[in-house]
Amino acid sequence: MTTVDFCGLRLAHPVVNGSGTYDAIAARRVFGDALLASFPFSAFVSKTITLQPRAGNPPPRLWETPAGMINSIGLPNRGLAGYLEYDLPELAALPVPLITNVMGSTEAEVAALVEAVDARPEIAAIELNVSCPNVRTGLDIGADPASLGALVRAVRPLTGKPLIVKLTPNTADVAAVAQAAEAEGADAVSLINTLRAMALAPGSGEPWLGGGTGGLSGPAIRAVALAQVAAVARRVRIAIVGMGGITRGNHARDLLLAGASLVAVGTENFRDPIAASRICCELKSLQNAETPSTSVNEPRPQVEVDVNSADSP
Amino acid sequence: MTTVDFCGLRLAHPVVNGSGTYDAIAARRVFGDALLASFPFSAFVSKTITLQPRAGNPPPRLWETPAGMINSIGLPNRGLAGYLEYDLPELAALPVPLITNVMGSTEAEVAALVEAVDARPEIAAIELNVSCPNVRTGLDIGADPASLGALVRAVRPLTGKPLIVKLTPNTADVAAVAQAAEAEGADAVSLINTLRAMALAPGSGEPWLGGGTGGLSGPAIRAVALAQVAAVARRVRIAIVGMGGITRGNHARDLLLAGASLVAVGTENFRDPIAASRICCELKSLQNAETPSTSVNEPRPQVEVDVNSADSP
Amino acid sequence: MRVQAPFGRRRVAVTGARDAGAYRVLEAADPDGPQPWPGQFYMLAAAERWGAGADERPYLPRAFSYLQADAGTLSFMFEDVGPGTARLGELRAGDELWLLGPLGIGFTAPDGGRRALLAGGGIGIPPLSAWARELAAQGIAAEALLGFRDAAHAAGAGLLTDAPVQVATDDGSVGRHGLVTDLLAAALDDDPLATVYACGPPRMLEAVRALCAARDVPAQLALEAGMACGFGACYGCVVPVREGGYLRLCVDGPVLDAARIDAVPAHA
Amino acid sequence: MRVQAPFGRRRVAVTGARDAGAYRVLEAADPDGPQPWPGQFYMLAAAERWGAGADERPYLPRAFSYLQADAGTLSFMFEDVGPGTARLGELRAGDELWLLGPLGIGFTAPDGGRRALLAGGGIGIPPLSAWARELAAQGIAAEALLGFRDAAHAAGAGLLTDAPVQVATDDGSVGRHGLVTDLLAAALDDDPLATVYACGPPRMLEAVRALCAARDVPAQLALEAGMACGFGACYGCVVPVREGGYLRLCVDGPVLDAARIDAVPAHA
């Protein structure tokens, strides 16, 4: 697999991690330098950072579902200052470019985050989380093209780094939201985030998750991710990071065929911290076996159906 | 389990079928009178009927997913006239009340359908499909509170029969849509319909489904259904028919706890035509084992969390 | 003809499992089931651990024509082509199956004193094997013409025991070097007074259909389509028909009069 | 103390599986893994058919403390409480496991010449059993006080072999009729100069924690929480700590100094 150009970043291959599904700092403690020696991702996406520190949601935070899981983590993080002081030095030592994912509950908060991240040369790109179903504002902004557009318009001028908008799948027309992001100058969109979901405790019938509701991820949502990536690819020209339920190379291949230029592995990391390397190998052999049009360096292939009208009688 | 009152209908138990997941007429041919002798549902919901006949989508129409499936059936049906002439007599012979599901691409079409159905005493209730992801207009109307409200306002006066609005899950705030239905006089809402999804052919990478995209159903979407039913139950007082991935009694129990007064079995029917009877037995024994608050005749229990704010920090 | 099925799937015991060349043959006890009619099928799923295979599948049951039905014992034949057949291939005597059926409409006997030509191959063997036995019981003359990829697959021909069998293989390793349609053309040249009963891979089936159409020979085709339910509930298993629109293979098929379709769908 | 894990899960062979009263003991060959430290754990999944159990689960791997680790052979002990342990309970010698670990931070030796009191029960046995062996190797005096529901579960006490064991059962069928805390209170009455190492069901663990707190006896608790990853990636396995906020049990635990928490979470 030749290198991949993503918004001007040269990446060794098209497989990155989904934000919040890999803590490279903790993994370094657990696995030692072997993590760096065979780092599975071509770029590392940080967990979502907020302006103020967050403890996250009370436990339980996890619920296993058929071919998936619900998380109600609640974006625990040290806050911007803590991230820059403690996490950034360690993340900058990773062998790949760093993408920092940020989220704010107001335009001013997001602006402050983007400016601070923009100032740090160790950070290669910024991902705006407007989609995390565990934080109200994230849902609201990301679900509505107008407010999403306004947010991007406000922060786009604040950074020259690639700006990726992470879309929420919990919306009626994700492509419309993607178009708003593109119109306001976003360099890329990433999708899908988790689907709003819930579980009740077996015994009590009370909500199981400390956060009440959470987000569904894993193979269960793969087909939804593919539909949303394809729908977005029909309507925008900017780069797309596709994710949702990838466990094997052919799932990554499908997202690339649907129009993504990068793919992100999320929940599958939990089953195997080095799964992304396997997925990348499987993808590579599929691509070698198949027509060049599946190579990620070709102009974006178009799935030959208009996803938005295919449904009509 | 004592009988259940649903919008004035007295039903033997709270388990019905999801529209389009059971063809009682075909099942009668395949299984004979045994179908009637142990009919699994307390009311029968017809497949979606349109004004004009529809052939449905070209095959392939099915794709199996992890713990679920995608369908791209495209609402094949004889059209209103054919339904009334050929299907209704046979459906009226079923041992349970008949709920007819209709869908139109314009207000006038829906009005015509509702009036025609209202005129037939054999039909106990009407379900409005504004949510089938396989038909464009269905998605659009059901995803937007305003247009959904307008539709219900237009047709509500045309019938005295219970009017159930089947909501689409492919929207940002399903509870807002449910509130619009309630405000315009709907007697109940049913949810969830299938999640917009897609699959690519293993070899060619072209869309597998003849319809391009389809709808995801089965256990994979269960946790999404529970979250949406709970969200709707917090915001409306009208009855709720809960469905999505039910395969066992505890899944039905969870939806009832979340605020549904009936549950519908869909995809699980495909694995076993009599599955709903098993599910109903499992539900009954759970309810006998548990506190009366899980009995469907009690005032609707409230899941003790505001699903719409639980996500905030 | 349709034999009605008991309402609801039933849990039955696997009584035997063996390889037949490239194929797997599974036997199950079905004491409560009726005697099915050739061409009918069953929806099968392993009672335990149906799922968690490749791509976290299978989830839905799978359709299988029965190979033979004797005294309450059903046999099936399949090749490992995916997670469902892979899982079924793991089953051993003593394991259990979920089974629904018999389903669909089977073959009808030839009229006008025609003889029966059973043409097919690959996993098309089962309905033809069952039909051969019924035809023999009825004393109707029948001959089977079977095509296979290679010798390993040709071993499947041994599963059709109630009619004389001619075999052709793509690689010539067994029987005639060529296609079923070569055998069929020759047989019809000999004597066109026949009804053709065919089941097999789509391309083979289409070739048989075209040949019979060209010669005005009546044919009944046992078709396949992806199925979720097998009893008309999902509307997923459709094929386009001449009279217009689509028809559900599980309730109006899987056996269709060849005259009803323009072509055998490539995949369904 | 933490022993680092090889990067990536590895596929290992099950070398033995047996029942120990109400529990199941699984042995696996782990030639490439390091010698773990008592209190550390592994994430396990069956290599085949992990899934398709009750409620179409398990999907994620499951966390298990190791019971013993000898010459590249690991043993685990569990009770069937759901689809994961049900599937693991099906495994036999020759089957394969996915294994990641060792993970987390284990116990630390007592200081100030204190003796070690190992208190626990149920599926809390494994870390205590491994710790007993290590303490014996270090020549540190240790005694185990184990509580169980009944005789079938008390059989689990036999899996702790490197320290003298006192048993209590809820039903009095084996050892003393009562709770672990009764044994522990008595032992501390005898001689309070001890460090307590505890693992077991949340309620038992909380009782032990409270008792030690009341008597100012240092205690290390091996806690549990639902885990998706085991290496700090998901932030799912948290417990609230005194110093404020939450701590991930998989990387900062599972063994915690009792002084760090106000109470043992009821479920996690």
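What to note about this one:
As written, the chain order gives the labels A, B, C and D, with residue 1 at the start of each chain.
As a convention for this text, a residue touches a chain if its C-beta (ideal position, glycine included) is under 8 Å from a C-beta of that chain, and two chains touch if they have at least 3 such contacts.
This one's a predicted model, so the numbers in the text were calculated from it and none came from an experiment.
With respect to chain C, maximal separation of chain centres occurs for D (centres as means of Cα atoms).
Remark: chain B and chain D have CA centroids separated by 47 Å (rounded to whole angstrom). Between the Cα centres of chain A and chain B there is a gap of 33 Å. Centre-to-centre spacing of chain A and chain D amounts to 35 Å, using the average Cα coordinate of each chain.
Touching of two or more other chains is recorded for residues 51, 55-56 of chain D.
Among all residues of chain A, those that touch two or more other chains are 65-68, 219. If each chain is drawn as a node and touching chains are joined, the picture has every node linked to every other. Within the complex formed with chain A, the chain C residues making contact are 55-56. Within the complex formed with chain D, the chain C residues making contact are 49-53, 56.
Interface residues of chain B facing chain C in the complex, by the touch rule stated above, are 20-23, 25-27, 29-32, 34-35, 37-38, 47, 55-56, 58-62, 64-69, 71, 73, 76, 218-219, 267, 269-274, 277. Across the interface of their complex, chain B is touched by residues 54, 63, 65-68, 70, 74-75, 133-137, 139, 143-144, 168, 170-173, 195-200, 202, 205-207, 211-213, 216, 219-224, 226-228, 230, 245, 250, 253-254, 257-258, 290, 294, 303-313 of chain A. For chain C in complex with chain B, the residues that touch the partner chain are 2, 4-9, 45, 51, 55-61, 98, 100, 103, 225-229, 231-240, 244-246, 248, 251, 265, 267-268.
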